[in-house]
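Which chain is which? They are A, B, C and D, in the order written, and residues in each are numbered from 1.
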Amino acid sequence: MAHLSSRPDLVARVHRIAGQVAAVEKALAADEPCATVLHRVAAVRGAVNGLLDEVIAEHLKEHVALPGLGDDERAAGAEELLAVIRRYAK
Amino acid sequence: MAHLSSRPDLVARVHRIAGQVAAVEKALAADEPCATVLHRVAAVRGAVNGLLDEVIAEHLKEHVALPGLGDDERAAGAEELLAVIRRYAK
Amino acid sequence: MAHLSSRPDLVARVHRIAGQVAAVEKALAADEPCATVLHRVAAVRGAVNGLLDEVIAEHLKEHVALPGLGDDERAAGAEELLAVIRRYAK
Amino acid sequence: MAHLSSRPDLVARVHRIAGQVAAVEKALAADEPCATVLHRVAAVRGAVNGLLDEVIAEHLKEHVALPGLGDDERAAGAEELLAVIRRYAK
């Protein structure tokens, strides 16, 4: 969707997460200490949460709150968001 | 650490997560709908949480509960675990 | 706010959570097993998350997506929601 | 369990949470703004997470890492903890 791909910071965030996941793979392959792996996986989790917050914020602004949207569009955007929040917030 | 790298299921989990993150990158680059990106990122989050649970379980068994460990080793293993849980559970 | 207080299911949820928290207090006072306390606290957490999801859903529908709101009202409602999600989703 | 009830800070935490939940009930009954309710519920969530972390830490120290426990006791303590973490970390 144009409003996401036009945000280079989001693309960069996802790219960084890919690097963090690759580092976890390497740590496992290199038999690094368990505590190191734990912290790397926890760091990935934090980065993914941060990304999800940003995508949620974008969705909320563009598909629910944006001036000029139709009532049905807003309702649909809100439903999509709630579906993810309910899944995400468990 | 041998006990992690000897678990092919963990290695496979991390590899799957790498694939999921790559799919998010592609979805952004291809201007896929915002709701699609949302669900993919939420799926990554679920997978990372599942991985972290497994690594925590391994750490707990091998570095805290394992028969034959010294008292200091157990205390150190417990501290490492708590550091991650406190960070993770926010 | 009228739209929340007019939802008896939300009021009932909060009341149930108050009862669950009272049960944790009693379990501590009665020296119940640690595992019992753990499960009770985890149950409170699940119930609070469910409540928060419902309040978020209400806010989204009434203060962001509702037909007839002004652009500024929607923007303000979205900002309030994002502030909580960012805090909540850590 | 003695090791929990002998920690007045935990008892005080649970008591504070009970007060926070009561405040949410009052906010609903008083038709306070939705954003106020949102923040109060999010605050309860944070406090419950903090409590759960503390109870997990206690359990880990007393039922898994404690010097002098039998191997079976440690294994049982670890299993109880993992059951809660898996439920909690979703």
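Points worth noting:
As a convention for this text, a contact is a pair of C-beta atoms (placed from the backbone, for glycine too) under 8 Å apart; a residue touches a chain by one contact, two chains touch by 3 or more.
Computed from a prediction, not measured in an experiment: that's the story for all the values here.
Looking at chain B and chain C, the chains that touch each of them are A, D.
One finds 23 Å separating the Cα centroids of chain A and chain C. Note: centroid distance chain A to chain D, computed from Cα atoms, is 27 Å. Centroids of chain C and chain D (each the mean of its C-alpha atoms) stand 16 Å apart. Annotation for chain D: residues 49, 52, 56, 81, 88, 90 touch two or more other chains. In terms of inter-chain touching, the protein chains here make up one closed cycle, each touching precisely two others. Inter-chain contacts, as defined above, occur between A-B, A-C, B-D, C-D. Only residues 1-5, 10-11, 14-15, 17-18, 21-22, 24-25, 28-35, 37-39, 41-42, 44-46, 48-49, 51-52, 55-56, 58-59, 62-63, 80-81, 83-84, 87-88 of chain B touch chain A when the two sit together in their complex.
Listing the residues of chain A that touch chain C in their complex gives 49, 52-53, 56-57, 60-61, 64-65, 67, 71, 74-75, 77-78, 81-82, 85-86, 88-90.
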